[in-house]
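Take a look at the following structure, please.
By written order: A, B and C. Residues from 1 in each chain.
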Amino acid sequence: MIDTLIDVTLLAFLAVTAIAIIKVRNLFVVIMLFGIFSLHSAGLFVVMDAADVAFTEAAVGAGISTVLMLATLALTRNQQEKMPVHRARLPLLVVLITAGALIYGTYDIPSFGDSRSPSQEYLKPQYIERGVKETGTPNIVTALLASYRGYDTLGEVTVIFTAGIGVLLLVGGRITRRVKPGESGPERRKIDET
Amino acid sequence: MIDIIIGHYNYWVVIFLMMAGFYTVINRGNLIKKIAGINIFQTSVFLMYISIGYVSDGTPPIIAEGFTKYSNPLPHVMILTAIVVGVSTTALGLALVVRIKEAYGTIEEDEIHDQDMSL
Amino acid sequence: MKHNLILRVIAKFLFPVIALFAFYVQFHGDFGPGGGFQAGVILSVAFIFYALVFGLKTTEEVIPPHLLRILASMGILIYAGTGITTMLMGGNFLDYNLLSLTPIQGQHIGIMVVEAGVGITVFSVMLMIFFAFAGRERPQETDHD
């Protein structure tokens, strides 16, 4: 009962934060609200018994993502968003149609928390029974991540590494540059690599 | 009717969050807000996956004495991967925003479009 | 921010605590929530906090950027190297059962080494990205309308 109450409260907070992110125009406030959104969703992951995921979401979403967005805001010096010039009718219509289709699709999903749903069979009992015997780690998520699905994790670490290289290529140099308003396109500049 | 609502309210709120992020991406012109919208969309998709793997009266999937019902560890593994990949792509997107600002002088989408059209 | 006494004292005090927690999470990933990803992010957050208080130049003297690039590649090489080691021992790629005398021991060693590789790469990439963003000079605007 108390679990359901916490669940509903956190979901309500998430919905209100999402609406606030859409409506607010000051970008600094938007980034702070985004950090709050990540933290609430981490709390929701804890309530839904996903300890590892909550850990990662709190550290990554409310930590690294917010810091990087603030750094981008400092580099682009843009405080206010411009008012949208075109009406919101067509995007709202597209969003409503997509939402209707998705909600129509949720009628086939088994109830929230059902332990006899098809997603809880076929592989989960096998991993839970054989996990400790074969790998010796009580944390089944770590056993899956590092041993049973170790190849996927290798690909994921490669993705992280590639993103790091990409960011280094894009913004890694220290430059001095004069931006005149009205100018477009790349210019000559002196790149001073460290 | 009431048990359909009790069984599915989680998914409906998650769909609302998804649509909020989607709307931010397609309607707002500021690039940083678009990236925030994409992240909201991503986080709500993670919420849906973890909701699918949730077992009521269960515990986190760490084997311990005295517990028999565990949550499904397979969505957890997938979402753990997806969160870190998501922050990597966000970092790349933000780096692109910085370079666009340096090249065009603005990060509003319609001004960038006008500058491109006037070339 | 380094002229603020409270921030300086707190940053110097908290940095080893956060780093210790990161190492705890890394090595106890087998028995509780945790693992390589979380530990890498938490350790990089410790350095980012230090950089926010004491400035980027001081932090770059603590951990130079070229070392970060070496660490990022080393993490992936440790991971892939484990797989190639098991292949050279005659098994499949990333088959941890061959790494030691008993399969369970081999799994323990394999998981620990692999998670260490993941933690090193995640830490260095996150810190590398932060240094790249924070070290870039802001564009000077010549004319203001």
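The criterion applied here is as follows: a contact is a pair of C-beta atoms (placed from the backbone, for glycine too) under 8 Å apart; a residue touches a chain by one contact, two chains touch by 3 or more.
Remember, predicted model here, so these are calculated numbers, not experimental data.
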- prompt: Once you count every C-beta pair in contact for both, which comes out on top, A-B or A-C?
  reply: A-B
- request: Please find which chain has its CA centre nearest to the centre of all protein CA atoms in view.
  value: A
- request: Find the geometric centre of each of chain B and chain C from their Cα atoms only, then give the gap between the two centres in Å, rounded to an integer.
  value: 24
- request: Could you put a whole-Å number on the gap between the CA centroids of chain A and chain B?
  value: 4
Statement: Here the gap between chain A and chain C, centre to centre from mean Cα coordinates and rounded to Å, is 20
Task: Identify all positions of chain C at which a residue touches two or more other chains, and write them in rising order.
output: 31-33, 35, 37, 122, 125, 129, 132-133, 136, 139
Task: Two or more other chains in contact with one residue: find those residues in chain A.
output: 51-52, 56, 60, 64, 68, 71-72, 75, 138-139, 141, 145, 153, 160, 163-164, 167, 171, 177, 179-181
- prompt: By residue number and range, which residues of chain B touch two or more other chains?
  reply: 60, 62, 80, 84, 88, 91, 94-95, 98, 101-102
- prompt: Which chain C residues qualify as touching chain B in the complex?
  reply: 31-33, 35, 37, 122, 125, 129, 132-133, 136, 139
Message: List the residues on chain C that touch chain A in their complex, please.
response: 25, 29-35, 37-38, 41-42, 44-45, 48, 65, 69, 72-73, 75-76, 79-80, 83, 93-94, 96, 103-104, 107-108, 110-111, 114-115, 117-118, 121-122, 124-126, 128-130, 132-143, 145
- line: Listed in rising order, the residues of chain A that touch chain C in the complex are 51-52, 54-56, 59-60, 63-64, 67-68, 71-72, 74-75, 77, 134-139, 141-143, 145-147, 150-151, 153-154, 157-158, 160-161, 163-164, 167-168, 171-181, 194
- prompt: Can you name the residues of chain B that touch chain A in the complex?
  reply: 3-4, 6-13, 15-24, 26-30, 32-33, 35-37, 39-40, 43, 46-47, 50-56, 58-64, 69-77, 79-81, 83-92, 94-99, 101-105, 107-108, 110, 115-116, 119
Chain B partner contacts - residues on chain A that touch it in the complex: 3, 7-8, 11-12, 14-15, 18-19, 21-22, 27, 30-31, 34, 37-38, 41, 44-45, 48-53, 56-57, 60-61, 64-65, 68-69, 71-73, 75-76, 78, 81-82, 84-85, 88, 91-92, 94-95, 98-99, 102-103, 106-107, 109-115, 117, 119-120, 123-124, 127-128, 131-132, 138-141, 144-145, 149, 152-153, 156, 159-160, 162-164, 166-167, 170-171, 177, 179-186
